[in-house]
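Notes for the one structure printed next.
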Amino acid sequence: MKIKIINPNTTQSMTDKIAASAKIVASSGTQIIAVSPQMGPATIESYYDEALSAVGVLEEIRQGELLGVNAYVIACFGDPALYAAREITSAPVIGIAEAAMRTASYVSNGFSVVTTLQRTVNMSWHLAHRYGATPFCKNVRACDIAVEELELPDSDAYRTIRDECKKALVEDKSDAIVLGCAGMSDLCLKLQNELGVIVIDGVTAAVKQAEMLVQLNLKTSKVGDWASPPVKNYTGILSGFGIR
Amino acid sequence: MKIKIINPNTTQSMTDKIAASAKIVASSGTQIIAVSPQMGPATIESYYDEALSAVGVLEEIRQGELLGVNAYVIACFGDPALYAAREITSAPVIGIAEAAMRTASYVSNGFSVVTTLQRTVNMSWHLAHRYGATPFCKNVRACDIAVEELELPDSDAYRTIRDECKKALVEDKSDAIVLGCAGMSDLCLKLQNELGVIVIDGVTAAVKQAEMLVQLNLKTSKVGDWASPPVKNYTGILSGFGIR
Amino acid sequence: MKIKIINPNTTQSMTDKIAASAKIVASSGTQIIAVSPQMGPATIESYYDEALSAVGVLEEIRQGELLGVNAYVIACFGDPALYAAREITSAPVIGIAEAAMRTASYVSNGFSVVTTLQRTVNMSWHLAHRYGATPFCKNVRACDIAVEELELPDSDAYRTIRDECKKALVEDKSDAIVLGCAGMSDLCLKLQNELGVIVIDGVTAAVKQAEMLVQLNLKTSKVGDWASPPVKNYTGILSGFGIR
Amino acid sequence: MKIKIINPNTTQSMTDKIAASAKIVASSGTQIIAVSPQMGPATIESYYDEALSAVGVLEEIRQGELLGVNAYVIACFGDPALYAAREITSAPVIGIAEAAMRTASYVSNGFSVVTTLQRTVNMSWHLAHRYGATPFCKNVRACDIAVEELELPDSDAYRTIRDECKKALVEDKSDAIVLGCAGMSDLCLKLQNELGVIVIDGVTAAVKQAEMLVQLNLKTSKVGDWASPPVKNYTGILSGFGIR
Amino acid sequence: MKIKIINPNTTQSMTDKIAASAKIVASSGTQIIAVSPQMGPATIESYYDEALSAVGVLEEIRQGELLGVNAYVIACFGDPALYAAREITSAPVIGIAEAAMRTASYVSNGFSVVTTLQRTVNMSWHLAHRYGATPFCKNVRACDIAVEELELPDSDAYRTIRDECKKALVEDKSDAIVLGCAGMSDLCLKLQNELGVIVIDGVTAAVKQAEMLVQLNLKTSKVGDWASPPVKNYTGILSGFGIR
Amino acid sequence: MKIKIINPNTTQSMTDKIAASAKIVASSGTQIIAVSPQMGPATIESYYDEALSAVGVLEEIRQGELLGVNAYVIACFGDPALYAAREITSAPVIGIAEAAMRTASYVSNGFSVVTTLQRTVNMSWHLAHRYGATPFCKNVRACDIAVEELELPDSDAYRTIRDECKKALVEDKSDAIVLGCAGMSDLCLKLQNELGVIVIDGVTAAVKQAEMLVQLNLKTSKVGDWASPPVKNYTGILSGFGIR
């Protein structure tokens, strides 16, 4: 089975990290293909970055269709272009935010999301509402860390995140942590060990969720609003995206 | 990996059917142990049946703990005793209703639940609320079939269910069907083929979800309200259920 | 009129306390029958205890039907087996959590529930949602008192509860207190006097609510999902619970 | 105990009917005082009528305070001036809509409100939201009957209401009916007999609820936003309403 | 275009202030008519005041109809009698709370309401729910200032409000302030300058919203529950309010 | 004042139509600049089209910033890229769906949205939730008309839309219609005349809303999550979108 993981930003070191996390949990028969798009933002830290990252995400889905990919993972906690991606493939497409929150809900009766910048907190709440995770999500907390800091070898990021997680457990009375950024994927085990509670990383959760859907032969429904988009001309730098 | 599937009712033919469905989708390294409890109702069709089935479910969890079970599935669409079960094990425990609804939400943007008796419709809606599935659940429909009818070789059950599914697709404008009873597990593929849409069966969804959580090493959180229950005496016919 | 109060746990001293509270408020024509079941947990402090207490509650309802009981009260703030109980009688059945919260909503525009253990807080919120009390419930607070402590003559329980109530009034800006445990019933008046605000105890509220429904000749509806459960065999230690 | 029932409209025949219904269910020690205000609309069928009826309701509360009334009932299904009334008395004040909906929720797991004019349907839904009754309220249906028609001896009102109730039971799959107008109070038993399901009338429910609160010595909380209104001058035709 | 602004209280200095604010933003072709009713409370600080202020508001609407007013603004943050007012005119009627909250939602992704007394906080939340503003309203905060204090030249009101706004920005992580009282209208610009964030005043927002609706020729719908109230007799001091 | 209206699709005839509608309602001092982007889909009928249209919308905002535009309107009922657009300008940005729904809520107590394709119905409901319009939105109905059909001189589109509106008024008991597509803008008055109810077009509502915000000097808040996006490199065909 081929699972294509699309890191919607163009930072290769993060893609590599994501790929490494994914490969650790992938089943033996699963081939992990992890990519960054050929275009778009270096990191995703705003609605603007998120909106524009859709182009690269959708391009990678289109490329994946030529290769017979069996399932896709969109590896950014904003789940950019998730529903759009589902329209142009019948393979399952999983966002890491939905996978993280839904997976957490099986083992936690009240988790906190710990994410990077305060400005993305509303976005995470919006997703929690969309996915019906609000009964299980006690709080969304920001660390005031820029995404690129997670890539710097000498940064204090780990410590800052760990301290915010500790505050979450005490102040929110949470029983688990959901990591709110694909770039935190490599910190998951270390945090889990140090905190002594379940820590859920969306990348690994989404990979296993994708495998599960493929094994169950469950594909994106094509009879409702995720059916293939109507045939259409596209122009300008997007002319290649037309639907035939 | 050992996955124990607990059919909360005592109808062995249904347990066998559930086991068969589970084995079809289980991974090669997974051992499926499917049981009915030594006590309780023949089928579950009321709040009363559901409440009393908890005894058998919890007894089977306790037995499972002695055998080193890695994950449990509660195979009744009312998810009886789910949260109680989670308290007495650190292995993941999955209800088929939560697994069916959450799994459906990855591939459907609006499904209908098709269940047996009208009197269980409120119960399914209550679960949809508890699990945050209401944004994806367009309707819950009953077929007015008793659960035991699903076990009769000559019953019209299949046809009745299929017709209700067809109505769901047209009237609810749904794009997928969620089967609202473990006893429908064997009808899933046949329905999917005849209806031409995704049909989700909670038993198979829960088995794969259980495998996934074990593979990710995600266990039930033990620091919140799913921690082990306080030590306590039990008396009478329940004296064996005391917590030490 | 006979009102049977079922204390779902087996601690007789608590049952006695509940009976005493009930008798103070009961009308002259009301006979209070307060019982603990012959089986089950000594106190209820977890989902596990709550699930298993259903057996004793339902057995007591069945016994009550033989005696022509006019209304039942389930005297545990988790309202265990409430909907199941309603199915096997046409007499009204009242849970003390629903009675406390709904009664409070007539005299308070924002109350705090003060309960025993933190691990039951989610459960109370879940009930508040089920009964539609969330517009009136500002907070649910735990005192970190075990239920059995409420039975100890020398415990600090009263002081701890009173202090949490005081915090509720200031921090939650609440205008009333709802006691979150049947075992606090005897503290209600003392707290009300010392705090100077309305304090609502579910036991007394439920008894009066039960009287009211009987006087209005309002019985549990038998045409929807609280109709009598379908006829069914039960086996094992539950064989006596079969429905004929 | 004195319970004052305020029919917020000025139609004496309706007040008489309400008083009769109330007296049937009142306890022997309860004195029912039923009044229409000295001012205001003949019937209440609009937001306009409801807003202006507040003057008379509040005047009657003020008069009641001079007589030592123990509890008040506002007998119009829009519950006009309910929260305002609570501010100027420490006696409980009960609206018939809240009493009907909350009382119904003890014996019904899904009722339909049957009311007079379509233009009041939104209002009833708004109250259902305010009181947290939406989990139990399946539908609000109008009969297209003017309120005054309920007072005409030869009207078809009974038949029209009964037919709408029948539709509610079938189409809404409801298990009980809540009458959406104080003027239907006298039809309650007849409907219940003919329909064979529970029918809840807000007037009788509110009277018993009021008795219950008095017997429990529960008064309107005076420490939150139902505390006495700040001292204030009133002018013009409302000069008598000033707060000292 | 004539816009009539009704200050529902009788404090002329506040009406003058409101008029001044309105005139600053009104378009050149707009005539601002600002009035206090001939009756009612000096300020509005309770449900009681709010309910009784309806009489004056509705009287002023009725007067306005004789003058051909094109749109009305109700200038109290409780939006008293808003829906009733809409029934007796086809001109648009705008409440300052709805205008403030909806206008804020175009430029803020999470605002705090800063209002006068704690006892009105529930009321503001209720309006936020009614108008669908809860996704955008992070908090409602009170300053513990009486409304009349806003009229005193030497009061500390400005400083108190400003400090509460500062707390809102930090503690609620809000990005804008909504002023929760018409009497704060004159402080808006000063606060905006000192705080460095958007501050929304309902009076000016409502005036512009009213102009906009008139320019779009959008009138209050007369086919639903805001249609003209049914013809009706009124008696007593309200006899002038009858509908013909 | 310069208002730039961005039609997110590339169909010039629709842009012309939108411009014409806008100019009819624009104030005399308002300059309407209506554009289609240089790139993107011919029409927007799927999540895919909507996601990709963001590029053109954001490019047009960037161009607008060079020209000193005072406010922007995004003229597609999916409000594509709305929050992203707000980040890169301090001018107000208005989506036609939010403007239509919020404007409708001032004059209607229950409207129906009538849109083009069934596959966009979920999207409209999602927006209704996001903007808090669900209390006022009774239904979203599709006409099964492709967007481009609205541009064909001989199409039956008008008749089909009108008939769906009529059904909405009867079946949904709505009191107003909200047009669910910018391409229906020119039909608004004709529909209003023929249907005899308020019909709200998002284009004209948004233009007036934009004028109003400019006149009130209310700009997009720059202190929360709509602050300017963090500085960032963009690559590939999106390299021009980098933030400095």
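In this document, chain identifiers A, B, C, D, E and F correspond to the written order of the chains, with residue numbering beginning at 1 in each.
The criterion applied here is as follows: a residue touches a chain if its C-beta (ideal position, glycine included) is under 8 Å from a C-beta of that chain, and two chains touch if they have at least 3 such contacts.
What you see is a predicted model; the values in this text were computed from it and never measured.
Participant: If you take the chains that touch chain B and keep only those that also touch chain F, what is left?
Facilitator: A, D
Participant: Have a look at B-F, D-E or C-D and name the one that copies the A-F interface, over half of its contact pairs being the same.
Facilitator: D-E
Participant: If you average the Cα atoms of chain B and of chain E to get two centres, how far apart are those centres in Å?
Facilitator: Roughly 52 Å separates the two chain centres.
Participant: In whole angstrom, what separates the CA-based centres of chain D and chain F?
Facilitator: 44
Participant: Compute the distance, rounded to whole Å, between the mean C-alpha positions of chain B and chain C.
Facilitator: Whole-Å distance between the two chain centres: 29.
Participant: I need the residues of chain D touching at least two other chains; which ones are they?
Facilitator: Answer for chain D, listing residues that touch two or more other chains: 83, 109-110, 118, 121-122, 129-130, 173, 224-226.
Participant: Which chains touch, pair by pair?
Facilitator: According to the stated criterion, the contacting chain pairs are A-B, A-C, A-E, A-F, B-C, B-D, B-F, C-D, C-E, D-E, D-F, E-F.
Participant: Which positions of chain A touch chain B when the two form their complex?
Facilitator: Residues of chain A touching chain B: 25, 27, 83, 92, 94, 98, 102-103, 105-110, 129-136, 169, 173-176, 196-198, 200, 204-205, 208-209, 211-213, 215-216, 218-221, 223-226.
Participant: So in the complex, the part of chain B that touches chain F is made up of which residues?
Facilitator: 109-110, 173
Participant: For the complex, give me every residue of chain D touching chain F.
Facilitator: Chain D reaches chain F through residues 118, 121-122.
Participant: Which residues of chain E touch chain D in the complex?
Facilitator: 10, 37-43, 45-52, 54-56, 58, 81, 83-84, 86-88, 117-123, 126, 129-130, 146, 224-227, 229-230, 232-239, 241, 243
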